[in-house]
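Working notes for the structure below.
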Amino acid sequence: MTRSAHRTRRILQVTGASAAALLTLSACSSSDPGTDAGSSSAKPSGTVTVFAAASLEESFKTLGKQFEQEHPGTKVTFNFGGSDTLAASITGGAPADVFAAASTKTMAIVTDRQDAAGTPATFVRNQLEIATLPGNPDRISSLKDLTRPGLKVVLCDKTVPCGTAAQKALDAGGLKLTPVSYEQDVKSALTKVELKEADAAIVYKTDVRAAGDKVEGVDFPESAEAVNDYPIAVLKNAPNPGTAKAFVALVRSAEGQKVLSRAGFLKP
Amino acid sequence: MTGSDTLESRPRRDRHRGRTRPVPIPLLVPALVGLAFLLLPLIALLVRAPWRSLPEQLTSAEVWEALRLSLLCAMAATVLSLVVGVPLAWLLARTRFPGRGFVRALVTLPLVLPPVVGGVALLLAFGRNGVIGQWLDSWFGITLPFTTTGVVLAETFVAMPFLVISVEGTLRAADPRYEEAATTLGASRFTAFRRVTLPLIAPGVAAGAVLAWARALGEFGATITFAGNFPGRTQTMPLAVYLALQNDPAAAIALSLVLLAVSIAVLAALRDRWMTAS
Amino acid sequence: MTDLDGTTTGVLTEGLDAHLVVDRSTFRLDVALTAAPGDVVALLGPNGAGKTTALRALAGLTPLTSGRLRLDGTRLDTMPPESRPVGVVFQDYLLFPHLTALDNVAFGPRCRGASKAEARAQAAEWLDRMGLADHAGAKPRRLSGGQAQRVAVARALATRPRLLLLDEPLAALDARTRLEVRAQLRRHLAEFEAVAVLVTHDPLDAMVLADRLVVVEHGHVVQEGTPSHIARHPRTDYIARLVGLNLYRGRAEGHTVRLDAGPAITTTEELSGPAFVAFPPGAVTLYRERPTGSSARNLWRCEVAGLETHGDQIRADLTGELPLTADLTTVAAAELDLHPGAPVWATVKATQTHAYPA
């Protein structure tokens, strides 16, 4: 393994290293040693490992099953998580074939280190939405309504993509909003509304869709200013690049887009 | 501290002092491996710390605010744990009631519960819409999530079992006949506890309190779930570290070092003062 | 605390009147105990006889299953232990290790309502009386065994109890200290105006310290009386061993007591019916050959089972017609060429035996 020497030189981020080690372990144990990178041009086979942003979980699992059916003998293994964490493990040497990030910024972490084989392509976009309690009892209809005193609003922390996006939208509307909490990720923000601890949260459309009838979504025009592009790329050190390309093709196909839009994603 | 620590045990202790005997290899090797395993991650943290940018990282007001809040909340959680945890430990160690074993298992439950689940459980109990929280809200207008009090509660929930287990163990080891002796001298059960048992188990209580304090100081999952994250109000150091890790690992390491340094300073000071006293 | 004056009006009885019944799954204690103020009663018995249980029941640390417990006419059995006018000296004293000797003694008065200063003044007085004024500020671990024992006695007396309980008060001491402390304790108990009950398995402690012995075996009283009476008239093997007598049980007819197991012993007392016969080991004379001219009518053929040194004497354990122990001088033992398995003849003069009704 030449990569391991390569890897240790590269990792400056200690934390990334430990995460990568764990991921390496889990990825190794689930991959099939019999099939490897050699047969890249032939028809898809073997295991393809996909690192994808947490918000893609449901759609990608559906697409993964579809892919395995269309190409007997293949297996799609997923690692869902925060985009930043995933990017850190990829640059740390985790053996992944495909990376689908929730923002171009996190994809840039990977491309900057030239770990992506080609130019990443945006395959979906995600837009912000206000999540309110079921039935919208506070009658929130605009971003400005969230600044009403007495209303408990949670935002994502500025260090995570949904927080950055929310800030962008607020800036676009010229609004100042003091939330009760800056949550560590979009799911926690949504949970606070689901448990009725907060009256509203600014989250992604897809999250509102996934939460079903536990929250109610409210669109707002400023969200157009903070649309997240989701890029996808086959990685340079992909153990199974041929199959990886085939999977990316499925994601970007009309069929794939149908599955993704059902989850609330917008077309690129 | 217990019954054995009376007149007879003193010469025995003196006899063994000052004599060093070789440590058996089957004990020494695993011990050193264990020590290395515990220390290496900390050393790695020091090695990879961004020493050059450290002063700049640490001058931000948010860091000190988070640290102040961390220390304050951990202290409050420890005091709260002591006030209710020591009597609980006494109840478990000194009384008999049906289902005592079950209650003891329940007390240790927060130890195995993932802290995030603990946070959700706290929300379901004390949240605005929680089993108890809804009454707190409608009767007294008290809401606990997103408040500093919420942080203290979350930390207490996670830290108190350490205290209870430690104190209960000490109580079980302590000779209950001292309480009987106090009773024959006219002390009520409570007086006997306060004037005899408590001083006797003080080292165990201190050890438990330190353990609980340390656990509270590092608490992350239950806190961020129950109390949320707002600088100056509910953002403790572990929360700040976690969020910094999302896009600035160097800052996260710097913050961790501060937390580490403070914990070591406090623990060392307490150890000198309390642990060796017994 | 004063005493029970307020609650004793109209009640005539004074002192202790107890019938202690404690039922455990494997053990039953059933002991009746009475004592007048000023009495020192010793509960004497082997380990596991229930002495300590009896003491704990008196103190209220172990609840009574049934029976009664009255002190100076007041019912104690319904009273919580902390309200009973009872002081206890525990076997290993149980001095509170975190308190000084003074604060240990002041603990009782303080719990019974005295102010801190008052309690300490009283405690200082008690320590002074015990000759421990110099050690008032010492923690228990700095005290010697004898000093700790005296602090424990002072602590128990400082609450001015109407019933003082002592659990093996001398057991934790080494032989030298024991002699001295026993003498001091005897003085303090003699001065004590209320009832004192002490538990011991040591007959010497019991006889020196107590006016009356109550012998407990298997949870029951087997004999009670003054030390001298019990020493002369043991009624169980345990007591006989304690006081160092050979004891036999049989049926008396005139001057002869026919033992349940075989031979007869001739005595000077004239009795009829069930009787005990006792004689000290020193009264036994041994011969290798059957004595011919001897007037002794108590003559038995025995065999040496074991020999051991007993002070400056040799104690021989004999089996045979009559199992007995005999004391003889080292010289005599050598002349007789005694060794385990050696056949001997043992005689006891009738005047040396003592028979009494069973």
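Annotations
Per-chain residue numbering starts at 1, and chain names A, B and C are given in the order in which the chains are listed.
As a convention for this text, a residue touches a chain if its C-beta (ideal position, glycine included) is under 8 Å from a C-beta of that chain, and two chains touch if they have at least 3 such contacts.
Chain by chain, the UniProt names read as follows: A = Molybdate ABC transporter substrate-binding protein; B = Molybdenum transport system permease; C = ABC-type quaternary amine transporter.
Please read these numbers as outputs of a predicted model, since none were measured by experiment.
By the document's definition of touch, chain B and chain C have no common neighbour. When each chain is reduced to the mean of its CA atoms, the one lying nearest the mean of all protein CA atoms is B. Inter-chain spacing, taken between the CA centroids of chain B and chain C, is 52 Å. Separating the centre of chain A from that of chain C, both taken as means of CA atoms, is a distance of 86 Å. Separation between the centroids of chain A and chain B, computed from CA atoms only, is 36 Å.
Not a single residue position of chain C touches two or more of the other chains.
By the touch rule above, chain B contacts chain C in their complex via residues 1, 3, 5-7, 10, 175, 177-178, 180-189, 191, 195-196, 199-200, 202. Residues of chain A touching chain B in their complex: 12-16, 82, 84, 88, 152, 154, 157, 159-160, 179-184, 188, 191-192, 195-198. Interface residues of chain C facing chain B in the complex, by the touch rule stated above, are 1, 59-61, 81-84, 86-88, 90, 92-99, 107-108, 111-112, 140-141, 143-145, 148, 155-156, 159. Contact residues of chain B toward chain A in the complex are 44-45, 48, 120, 123-124, 127-129, 145-146, 224-225, 227-231, 234-235, 239, 242-249, 252-253.
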